[in-house]
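Each in structure tokens, the structures are laid out below.
Consider the two complexes below, in which chain A is the common component and chain B and chain C are the respective partners.
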Partner chain A sequence: MIRFLVKAGLFYIIWQVVYDLIIYPDGRLDQFLATSVAILAKNGLALFGWDINAWDRLLVIDGYRGVVVLNECNALTLMSLYSGFIVAFQGPNKKRIIYILSGIGIIFILNVIRIMAFSLATVYFQHYWDIFHEFSSFIFFYPVILGIWYQWTLLSEESTQSQSEFSVA
Partner chain B sequence: MKNNLITLVIISLSMLTFVLAQDPPPLPGAPNQGPIGGMVWLAISGLILAVKKYSGSNKK
Partner chain C sequence: MDIIKRRKYPITIRVLCSLTLFSVFYITLVRPVRVYINQNYIAPFYLSLDQTQNSPINLTARRVNIQPDGYSSPRGFGIPFGGYFWLPFAFFIAARQKWFAIYLVGYHVYLGILPPYLAFLFIKQFSWAAVGLKVNETLFQGVFLISVFWGLKIILDQYKKEKNI
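Then we have the complex of A and B:
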């Protein structure tokens, strides 16, 4: 348990330092994530016939209020939080890499869907947009992330059990 | 003719004041922003999950 806390703590400290000193001043990763999410959300809604435009990080359905994807909205912090748990919790290393990469991909896709939902919210319930936004993470991200984390703990248990069986045999 | 011209100028000026007195067209509102909130709750949930799993495996 203490090993988990130490590993998780170290991971987040290193992540914060790397983000503050390299990623944030550089800005390209944040910009890439924000613009790609905005463009994919625009294309997704256009596929369903919505008259929608995207400029850089801004997404506007014609005639309605826009949605802007800030650095805080691009899910990079969430990706690091997700990865930190997988890194810190014991488990097989090969599958760890698969879980981290696929989890980051899933979070990215969920963020695109979330931003699409935000744009539709400007059309259908702009008055309740703030409330929807407040709870959006609990709808789109957290159940999925907790589910994957739980799966990872089960996988970790299985691998430790099979290791102990092998050592007994 | 001169009177007509003066009348026309007065009417034009009064009409112009009406137009200038109108409010400018409203600017579009600031776009909505969507930062991800409540991440602390996710972190706490992850911690609880880890504690539960580690304490469970220790009991075995």
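Then we have the complex of A and C:
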């Protein structure tokens, strides 16, 4: 447990320092995530018949307030938090890579849905938009992340058990 | 000699009671105290440091944010023992994980010391403290998520054991 916490803590510290000193000043990853999420959210809502426009990071449903996808809203931090757990918790390495990549993909898709929901919130409950925004992670991200982490720990326990059975045999 | 045995309630009841009790405790007592302490002691202290206006300070009810020129987003710290403490704490108490609960308390005591000091240094133009504050924010979220996960995992394991799943 302590080893896991130290590994996860180190992962988060290194990630944040790398982000602050390299990724954030470069800006391209943040820009890519924000604009791609905005475009996909726009296309998603247009598919359901909404009259919506997107300019760079800004999404506007015709006649309502706009939604801007800031760097803090592009889910990059959550992707790193998610990955840190998978990296730090013991388990088979091949599956670890699959879990990290698919988890990041899932978080990206969830963020597109979240931004779509933010746009719809400007239509249906603008007064509660700030509260919705504040607690959106608890609705869209955390249950899924915790669910995948749980699957990962089960997988890890299974592989540990099968390894110990193999060594006994 | 009398043997006093603690009555065993099902884990579902313990979780419900723990969440309800700590929610009521937080909303009625802890939250107002956090706001009071921030507005009457912490915020005035940081505002008094910001006399040069080089580091504009934004205050919310339970947070101090500093955003000097050149920073796209504010750096700061929240008043510890907020909802991000009480939710996992309630899980640990329900699951009777004394040591996890104590470690969590220790971590939030630390949050009341180091991040405010980093914010102080940041206002005093030590730019590296901005990185420290960001690292602290990431670790804070990580500790919260891992604590909630661990609490829920133990609760789920206990539930499976009770139901023989």
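Just so we're on the same page, the second predicted complex is superposed on the first by the 169 of 169 C-alpha atoms of A that agree within 3 Å, B and C clash if a C-alpha of one lies under 4 Å from a C-alpha of the other, contacts with A are read in each partner's own complex, and residues count from 1 in each chain.
Following the convention adopted for this analysis, a residue touches a chain if its C-beta (ideal position, glycine included) is under 8 Å from a C-beta of that chain, and two chains touch if they have at least 3 such contacts.
Only a predicted model underlies this, so the values are computations on that prediction, with no experimental measurement involved.
When both complexes are superposed on chain A, chain B and chain C clash.
Contacts of A:85 after superposition on the shared chain: both chain B and chain C are touched. By the document's definition of touching, both partners, chain B and chain C, reach A:142. Residue by residue along chain A, chain B and chain C are tallied for touches, and B comes out ahead. Using the contact criterion defined above for the overlaid structures, shared-chain residue A:68 touches chain B, although it does not reach chain C.
In the superposed model, A:77 makes contact with both chain B and chain C. In the overlay built on the shared chain, the residue A:109 is in contact with neither chain B nor chain C. Applying the stated contact rule after C-alpha superposition, one finds that A:129 touches chain B and leaves chain C untouched.
Of the two partner chains, chain C is the only one that A:20 touches; chain B does not reach it.
Once chain A of one complex is fitted onto chain A of the other, the partner contacts of A:153 extend to both chain B and chain C.
Counting contacts as defined above, chain A residues 70, 72, 77, 81, 85, 142, 145-146, 149-150, 153 meet chain B in one complex and chain C in the other. Note for the complex: chain A touches chain B at residues 1, 4, 58, 60, 65-70, 72-73, 75, 77-78, 81, 85, 88-89, 114-115, 118, 122, 129, 133-134, 136-138, 141-142, 145-146, 149-150, 153, 156-157, 160.
Interface residues of chain C, counted against chain A in their complex, comprise 72-73, 130-131, 134-135, 138-139, 141-142, 145-146, 148-149, 152-153, 156.
Residues 5, 8-9, 12-13, 15-17, 19-21, 70-72, 77, 80-81, 84-85, 142, 145-146, 149-150, 153 of chain A are the ones that touch chain C when the two sit in their complex.
If you check the complex, the residues on chain B that touch chain A are 28-29, 31-39, 41-43, 45-46, 49-51, 53-55, 57-58.
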